[in-house]
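The following blocks contain the structures, represented as structure tokens.
Two complexes follow with chain A in common, the first pairing it with chain B and the second with chain C.
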Partner chain A sequence: MNSIFYLAIQIAAIVLVAPLVNGLIRKVKAFTQKRTGPPVLQMYFDLYKLFKKEAVVSEVTSWVYKVAPYIVFATTLAAAMLVPVTTLLVPFGFPGDVIMLIYIFALGRFFLALAGLDAGSTFGGMGSSREGMISALMEPAILVSVFTVGLISKSTSVLQMMEGSKSMGIPLSHPVYLLVFLALLIIIIAETARIPVDDPSTHLELTMVHEAMVLEYSGRHLALMELGAAVKQLVLITFVVNVFLPHDQLLSMGGPGVIAISLLIYLAKVILFSVIMALIEVNTVKFRFFSVPNLAALSFILAFLGFLNQFVLS
Partner chain B sequence: MTKIYLDLLPALILFSSFILVSNKRIASYIRTFRFQSLLIAVGAGVIGLETGRIDVLLVCLLMVALKVIYIPNLLNSTFANVTYKVEKDFFFNIPILIIACCLLVVFSYLAIPTADGIINVQVANLVSAVLIGLIFMITRKKAFGQIVGFLVIENGLFATAMFATQGLPFIIDLGMFIDLLTAVLVMGVLVFRISDEFDSVDVNRLNNLKG
Partner chain C sequence: MNLLTISNLYGGAVVLYFLAAIASLVFLKLHKSNNAIAHSLNILASLLGAVAAVWQIWLGDLLIKLADFPFPISFITINITIDRLSSFFVLALSVLVFCVSIYSLGYVTHYFGKRKVALFNFLYSAFVLSMFFVLTAGNAILFFIVWEIMSLLSYFLVVFESEQRENQKAGLLYIAMTHVGASFLLIAFMVMYSYTGSFDIFAGSTAIPLAVKNIMFLLFLIGFGVKAGVIPFHIWLPYAHPAASSNVSALMSGIMIKTAIYGLVRFVLFYLGSPAAWWGVLILALGIVSAVLGIAYALMERDIKRLLAFSSIENIGIILIGLGISALAFAQNNLFLAGLALTAALFHTANHALFKGGLFLGAGAVQYATGTRDIEKLGGLIKKLPVTSLFVLGFSLAISAIVPFNGFVSEWLTYQSLFLAVSAGNGSVNIVYIIAVAALAMAGALAAVCFIKLFGIAFLGLPRSEKAAKAREVPAAMQAGMGLLAALCILLGFLPLLFLQLVDKVVSSFIGAANAGQLKGGWLIAYYPVEVGENSIYPLMLVFVVVLLSLLALVAIRVLGGAYRERKYGTWDCGYRKLNARMQYSATGFSKPLRIVFRILYRPSRKLETGEGSSVYFPVSQKYSVATESIFERYLYSPILLLANRFSVKAGSAIQTGSLHLYLLYILAAIVAAVLYNRIV
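Take a look at the complex of A and B:
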């Protein structure tokens, strides 16, 4: 009974906070450009508007087009259940669930790429092929990073990784954690389609990767795609922030008040990480697409160096 | 606090060497070199403050003045007269270079002498930073890459000396700095003259001048 209650809090926390991260990043970008920018809650209003509108479906598409938004949203929700926002409330967890996390995202991405191809437009096909290349290049980096963190905490379950780093003092002061954190930072930028890999606010279709695949969608389908992308971003941010900046060891035992404080500290960590991501986005330009393999090689090598250091030090 | 910084320093220097190898823009080479020199200078300052040795502190100040302020500004002003801002031609493309550098790191882990079978990770990281600077120098076609590679080798040697033996005798450090300054001044003048005369800093094309 308790685990259903924890599950509800977990999903509510992630789905409700996800659009906030996007709004915050846009606000920080606007401030650095001496503009006021859209309000921080803008994405909530956008989603509400999109859910009310009619979904226009092209006549030349197949069932993949109609089914893909639901699959994308469902996979990101399933991934959201696997990464706890605080180690005091854990609905599920089993050994090996970090591998399941990565490949649940891969399932969603597969259907997203098929949906981009389905409408038969050239921009959609181009976006799908680019997304395939980027995700193929980033996959070894993600795997080596999470396996290194798993080596340190001697388990492949996300909860054990978070517990393992709680007893380490400041995790980022260890060279292994620092190298893996830098690798994961590059990976998050690539997976959530941010500058320097893909500009989320561009209107030029020749430069789009993620946006090109959802170009044909409207109404509630588009709302589900956008919300799915935001939830995926928050799940990856939660993983990084809870493993590398654990906060639960600072709280003493108590009642339900402790859970509320823990959730508030989690929110503060997410805001801090969003500001860091926004500053990175402001200070770099979007790379030429064929320079993305350089970035992927760099993140793979950083993760591999972290693994080497860990292997040698123990 | 200082112990945390000294623990992280070899990993950060290795990180900055890899950023150097994965870059194509010449302004980024110079900026990454400046960042790396600043890291090493702060490390030298920390060691000097902890052990209380005045000569290490002097070397730290000298390094800041020379490698963080003077030499990057000199390179930037020489670079402003050159038309190439991004390297387009490579002997090997960047992902292969990065993997080769990673194999170098593994090699240096295995090759540095160990104490009772325990690999000294910090010294091995710094020696591999030297080797990565060497690879960077020999695989770039434009003269600026070669100059920055030479400077990165020098950086790595200095950091290794600092970690392995807590600093070299002061007179040797002074000699190294004077050599470095002379070499960079000569190279800067040469690059300027080459660019002026041939309108290109691709030193491979100098091969066309052979008989």
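Take a look at the complex of A and C:
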């Protein structure tokens, strides 16, 4: 029973809120550029419209192309199950392992990249190729980051990592958490295809990565791809805000009310983080593609320094 | 008297393999029946072997003496002894041989009437038998003899299609490298005898002082490292694997290079007992280098089988990372960690046998259907070879360590070993561990890119050549062989505990029962955790939940969007409407970003040749070529060869002057030296 309740809250909190984060980021960007911008709920309208539209499918494609959106979406659903939005509600025997989380995303990326190649279009191949490079360069930083945080709380379980940081007071005041946080910030920007790594709002072939891979998609396939990307983004944000800005230790009362309050605080943290991401996007320009390795290196070095500080020097 | 015993099953397997070899020499001209009989016998033999191996690991005695004959020379015995470690590798061998032999029933048909099928099948069966004996030999000299037989037989199989010059070159390189390795092993065994007075593998090594053990360790590491393809001893592998037939390369990459892993576990961990911490660090470092560089080189290849060969180097690296942690933990007497890391290494060994064997079979199927292994000439095979494509996709996912396939489970265990190692470790060693984590992560991500390239370019999109467009699905036997391996990959991914308990029995028979209590889980589907300490993954439960949620999502989409409608149309081409296969991304183009990023490693060079027409602006032809360079061949092996060549030329002219008197003096000096040595020692 508890598990079902947990699943329901997770889906409601992550899958349904995910498009809102995108809307929020766009709104903040528009605001800083003195534009009105689309409504915050625009992505919901877009998705609804796309679900209803007919799909245009290239004659060249195989079943991989049609299966890919479902697999991409299913993997983000799986990921959403593994990262609790609130630690108060986790069922017994919770299987959320952070390494598994990373490799679940890898499954989605694998099919996303294959889908890019399936239509035989140059754009798709270009996107897959670039995505491959970015993911290969970011992966060491991701693992070193989560290992460092995991080692502090002595477990690679996402829940244990959240529990571990709860007992740290303000985790970001510890140098190791701060360094890893910065590393993960860079990783999230890369993984969610945002400026300066990629530009989500462009269809200019010279710069696109993620958009190039899904260029052929339309109708409900596209909707699933877009929703999947949004869910992935929120899962990553959830991981970061709940590990680095834990809030559940502040709540001492029991009962269902506490869960509601916890969820509200969680939402506030997500909004705060989204605004930060939007501001980063506004204040940077897109990097040249071959400058991305520098960014990956920076992220790796930050995580590595965090590790050194905690486990080698002390 | 009970006929159904483990020894009898093993004996039966040996006899059947032997019969398969003999039978293939009997039906010399009848290619069809020759092939059917030989491979049926192999299938049967491997089945017996697999049953016996599982039985022995699960319930059997720790040591089973299959044979123990004395030999005219006193210190050699024909001693076939099987313990659980041997059984584990025999199990991997048997399962792979079972699938590859089924595949061969179909695959070898393309040799009918063209090549010596009898010879091929004889070599194949004898090769399998020799590997069986390598894994079960109880006497070091016997081990060395069958090791050499295995190397020679595989050499003949590498040069089987001998009319091609590159195959001859590959064979020469292979036999040269493998003998360099073997000579190191021989020295190690001689040292072993001179200190213990025995060649018995299962005897103790307490009589050997630590300093000598250190030397023996290095000898074993180089000797087995050459066979395993550990960087920097790997140069033979990317030549030998493509040269051999695909079913043979599946065996070579799937299990033959693992006999070296067996050797390392047997001699370094168990025989010498890994007494010094630096052994583990050295193995770990070699593993890190092999894992990252192996897959980095694989990424640049356009020949499917060369790509797979480099990827084998990567996987050997991952196995070595596990072994290295285990050796290090052994030295520090952290038995739980040693057991866990060894479990990870052995699990990955078995996994790699399954998916790499499968991938080589897939490469063979592609070659069978299209006649080429060049990725740039393929494309669109998913429509021509639907079944093969499905299996190759499965293997590609498994080798990229993607959830929920078997590769993920063993990599997860390796990560967990590293995690525990850091938790228990101190100071500077932790740097090595975290570098291993980063290396493993990078290797995993690069492997995914590499296999996206392999599958995406060769199987998806439009066919890039006439041959690829006319390909037809391969015979059913070949499909069955690949299908079985693919099914095993999924099974081990979904229900890893089934297999982990087997591995655990192997490991705990050496380390004690340290691990057994830690691997929890029952037989129920929904509750099947792989658990290490407090960290756990539930592959099957996850799949179950995700499938359920996805079905819910499908219903939701249906409700939101109504029935699915689709329209077929051309790929988006900016309105040009003449998109063709040549405009697709190529394999070389696909890996270009990484080639540029890692240009220090690859040292790429490019050449643009323009055939000028009437004006420079309208060239009649253009040829663009990219080449990468192997830094190991250029900066390590070439100088050594050059030096050796120079020395031998100089020494040759100094020693062989052509004077008969001088030669007689040499003989006299040699006799005097021999007599003196005998007197003194």
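By definition in this document, the second predicted complex is superposed on the first by the 305 of 314 C-alpha atoms of A that agree within 3 Å, B and C clash if a C-alpha of one lies under 4 Å from a C-alpha of the other, contacts with A are read in each partner's own complex, and residues count from 1 in each chain.
Definition applied: a contact is a pair of C-beta atoms (placed from the backbone, for glycine too) under 8 Å apart; a residue touches a chain by one contact, two chains touch by 3 or more.
No experiment lies behind these values; they were computed from the predicted model shown.
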Which of chain B and chain C A:Asp248 touches, first, second, both or neither: neither
Partner chain in contact with A:Leu179 - chain B first, chain C second, else both or neither: first
Which superposed partner A:Asp46 touches (first chain B, second chain C, both, neither): neither
Chain B versus chain C as contact partner of A:Ser291, first or second or both or neither: first
Superposition-derived comparison: chain B or chain C, residues of chain A touched: C
Touched partner set for A:Val312, first chain B, second chain C, both or neither: both
Chain B versus chain C as contact partner of A:Arg220, first or second or both or neither: second
Which of chain B and chain C A:Phe147 touches, first, second, both or neither: second
Residues of chain A contacting chain B in one complex and chain C in the other: 293, 304, 308, 312
Residues of chain A defined as touching chain B within the complex: 170, 173-175, 178-179, 182, 291, 293-298, 301-302, 304-305, 308-309, 312-313
Residues of chain B defined as touching chain A within the complex: 4, 7-8, 10-12, 14-15, 18-19, 22, 24, 94-95, 98-99, 101-102, 105-106, 109, 119, 121, 125
Interfacial residue positions of chain C with respect to chain A in the complex: 379-380, 382-383, 393, 397, 400-403, 408, 411-412, 415-416, 418-419, 422-423, 427-428, 430-431, 434, 437-442, 444-446, 448-449, 451-453, 455-457, 460-462, 527, 529, 533-538, 541-542, 545-547, 549-550, 553-554, 557, 560-562, 564-573, 579, 581, 583-585, 589-594, 596-597
Touching residues (chain side chain A, partner chain C) in the complex: 7, 11, 48, 51-64, 70, 73-75, 77-78, 81, 93, 95, 97, 99-100, 103-104, 106-107, 109-110, 113-114, 116-126, 128-130, 132-133, 135-140, 142-144, 147, 150-151, 154-157, 160, 215-216, 219-220, 223-224, 289-290, 293, 300, 304, 307-308, 311-312
